[in-house]
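Chain naming follows the written order as A, B and C, and within any one chain the residues start at number 1.
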Amino acid sequence: MGRKKTYIEDIDRGIYDIRNEFTYKYKADKGLTPEIIKDISREKNEPKWMTDFRLKSLEIYNSMPIPTWGPDLSDLNMDEIVTYIRPDTEMKHSWDDVPEEIKKTFQLLGLPQAERESLAGVGAQYDSEVVYHNIRKELVDQGVVYMDMETALIEYEDIVREYFMTLVPPTAHKFAALHGAVWSGGSFVYVPEGVDVDIPLQSYFRLNAPGAGQFEHTLIIVEKGSRLHFIEGCSAPKYKVNNLHAGCVELFVKENATLRYSTIENWSKNMYNLNTKRAVVDKNGTIEWISGSFGSKVSMLYPMSILRGEGARSEFTGITFASKGQHLDTGTKVVHAAPYTTSTVNSKSISKDGGYAFYRGLLKVAPNAYGCKSTVSCESLMLDNESKSDTLPIIELNNDDIDIGHEAKIGRISDEAIFYLMSRGISEEEAKAMIVRGFVEPITKELPLEYAVELNNLINIELEGTIG
Amino acid sequence: MENKLLSIKNLKVNVEENEILKGLNLEISKGEVHIIMGPNGSGKSTLAYTLMGHPKYEIVDGTIEFDGELINDLKADERAKRGIFLSFQYPEEIPGVTVEDFLRTAKASTTGKIQGIMAFKKLLKEKMELLEMKEEYASRYLNLGFSGGEKKKNEILQMSILEPKLAILDETDSGLDVDAIRIVAEGVKRIKDESKSILVITHYNKLLDFLEPDYIHILLNGKIVKTGGMELAKEIDEEGYENIKLRFAKV
Amino acid sequence: MITWKRIKLENFTFPKIYDYKKEFIRLDGEVPVGLRLDKIYDTIDRTKINWLNSNEIYGLGKEFLSFVNEFYNSGISLYLNSNIKLNNPIVVEFNMDKENPTVIDKNIIIAEPNSEATILFHYCTDEEVEAFHNGFTEIHAKENSSLTIIKIQRMNDLSQNFDTNIAYVKGEGKVNWITVELGSQISGSNYTTFLDEVASESKLSSIYLGDGNRKMDLSYSMIHKGPRSISNIESRGALMDNSRKVFRGNLDFRRGSRLAKGSEEEYVLLLDPSVKSDSIPALLCEEDDVQGEHAASAGQINESQLFYLMSRGLREREAKKLIIEGAFRPVIDRIPIKELKEIIDLEVERRLINE
């Protein structure tokens, strides 16, 4: 590689950047070999089929090229990324038992309060392993399963085996293959038929070790007629070496079921966030994505909805905020694979301080998918002229009985709008911040309160000292 | 002269290098209602924007004093804090910002006092009832998707919440039906009754009958060419601007 | 060998090239004062496409453009003096037949400051012939000049059409593009406009019709470099039978294009279940103080419109034809030659009613 790595100072992200003394129990050697993969699998006491799956994925990983169509990944040296780090603790079900250091981090991030106040269950992953998991008893009684993937692999091996990486196969792309080889941690949720989980479940991923990769796997199955809201939060402190996050999310939404999946990804600005998320939706089911991309040095994230059952629906609401030294290549893919399926996409991006926000979208309508409707709207806000913002939606239509609308807009905050607000006594800085908050309001209003507050805080942190 | 609120002397204003106001003089005392009338292009809106401090309007000469203080170089928010309010001819649409949040922020900013959520809600509700506005407008995005009349009502609502010393109404009567004019005029009258000063900038004289102005000024080509009482409005009504223009062209 | 994935142009190779021996410049009467109009091979200055050796790739790509550069057999060199305004359009017509089945035209058009002209290119085939067209048109619109370039392509369904158009527009200059795509088996056309200076302006209006097994790759780019530059792309199309098309519209705001405005709208009517329609409307931006927007929509013919017309006794095909013609009308009406307008109307009608 030989290229000089550039390191960019960024603004204080406050609590998100607190890093802890690094202690661990097991750490795999740098780089990737079948021996390391076998070590990871052995360390986790996995069944043989999973070990084989990992080894097969490694082969695929080695045979695939790094994608060149998107952001520059040449600074990402895979041999430098430590793939498996196990924190120095066993999994806890009571918050009091979680080690002090780790607890402190999650407390700063507001996790325990959130659980007390508004969540049905919480999982917390620290580096590669889930350190804390809890779920309300009444949900357990209704048959809802919410646990870390490792435990699920033992306790619900059949279900995991049936679904695991069938939606995102290791052949999808190089980083999916990598994920298949080294995945660790993540959440498993199973909602049986006809259960309405009316308060959200939440997982939080924290990557603390320097130069580490996080490869958590999230597998959610919502059976017929059920309903779930799942929230994921991700963050990592800042180190001077590049980190990698190549997680994988597989969502199975069955007939008449509804799943809302919300994430705010707030990685540190040395993170390569190459995450793959897919949902498949059966007849009259609904998937709703709420997706916030902040932080990270490079993101490539395109949550995909496959509407395979008649009348299935998808709704995507996303916000991307690219600041100094960041290239955030995000978007969404929707495949209308059955008749009378509908989709809406509402994407917003903000770029400032030389940040590069790229919306990349795909909307595909299969030949048999007649009677489909889709509306796509992309809006980009440029806060200065050092930044960049591109929009590239691809629309592929393969039959005539459809109704498709797409629109995109790009521009800056209007001087007239600022003047209007100022004429009511609001300072210029506050006027601009108000307009930016208004711009992302369609997303914040979809989030649970504490996340909306977090998102607004993030925006304020990002805007601080750069506006006005 | 402590009664004096606004004093404009020899005001010359350029917009993108073109001189629009060419030495305008105007004095407004506390509690007075002034009307500025004039044809299109005479500089009416320029005067309104200049008084509010729009950065595009460049003062090249003259002074604007408000409450005894020179305000030539103050930004719009500073002027608002001192008690100037402009009802815009074309209010901006701000997506994602609700009327209530916006007004609470503005009220806190102009008064320097934090506005309690519940107390403010109550105040807003009262003011909205007076303007016959439906409660749901509080949670709608600022001016977004509002009709012309709703936008103007919303301007008057803002005015009644912020309680300025001087309200400048730029063509607030344009594009309103009879009922809306009545409601808006009543809103303005309430301000007047609190002995606030009002400067109405208008092309027509729809609002006049409701307001009983103290002075009427005719603005032509960047200058006030005539000042008088209600009879002046009648003159314009009968003669039209073209004749008045001709008359003053000769002078 | 060239492959275009989206319209399934696979392993394309260039055919054998024949001379084009027919007259293609149609001029009624004298050459107007201030206009120099020559056949490209008669000019001393055989302008090479200078950026072909650079890394930048424009138009349909290096293969097609190098080919024009080496093998052109026709085309014009048009030079318009300062302050000259032409009232009548200049017409360039290539009517391919068995004797003259190939047109490789290279056209250079230079409009000096304050000049004004309309130039119309018409590519057609009046015989059953496997015609081949690969062209390149380069346009320089200087300060405050105004050019309208009309390209009409109505080659038969056995033919292949490739066309690249690049314009450089200086301060307050304007280039209006009108493109009408009605024929050929495969059609690849590209229009790229560089809005180089202050208040450079360009508007592109496109209509296209896909019938039979036609494959179309239509690509329109507006590259804003100058402050206050203005661009507008409006494309309307209809697809039927097994036709497929990809529309690529790019609005590109480069750093320095302050206060520029660009807009882009694509509307496609889908008339049969077996059509395939791809759209890639890109918006690229490096400057904050600009306004850019694009909209794309696709769907079937409005049912209530159709019902209304049919309730007046029209057959479905006829009603559909009327609606499609209505969508095309604003663009067709901008073609300044009456007889050509009629030819286009007939062609649209023939292709739509063909049952």
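What we mean here is this: contacts are C-beta pairs under 8 Å (C-beta built on N, C-alpha and C of every residue); 3 or more make two chains touch, one makes a residue touch a chain.
Please read all numbers here as calculations on a predicted model, not as lab measurements.
If you connect every pair of chains that touch, what shape comes out? Choose line, ring, star, complete or other.
line
Of all the chains shown, whose C-alpha centre falls nearest the centre of every protein C-alpha atom combined?
Closest chain centre to the overall C-alpha centroid: A.
Select the chain at the greatest separation from chain A, using centres from the mean of Cα atoms.
Looking at centroid distances, B is the chain farthest away.
Let me have the rounded angstrom distance from the C-alpha centre of chain A over to the C-alpha centre of chain C, please.
Chain centres of chain A and chain C, defined by C-alpha means, are spaced 43 Å apart.
Let me have the rounded angstrom distance from the C-alpha centre of chain A over to the C-alpha centre of chain B, please.
Inter-chain centre distance comes to 49 Å.
Whole-Å distance, chain B centre to chain C centre, using C-alpha means?
Roughly 52 Å, centre to centre.
For the complex, give me every residue of chain C touching chain A.
Against chain A, chain C makes touches at 239, 253, 255, 258, 270-300.
Considering the complex alone, what residue numbers of chain A touch chain B?
Contacts found on chain A: 414-417, 419-428, 430-431, 434-435, 437-442.
What does chain A use to touch chain C in their complex?
Chain A reaches chain C through residues 367, 370, 378, 380, 382-385, 387-412.
Taking the complex as given, what residues does chain B use to touch chain A?
The touching residues are 52-56, 75-77, 79-81, 85-86, 88, 91-97, 102-103, 105-106, 109-110, 141-142, 158, 162.
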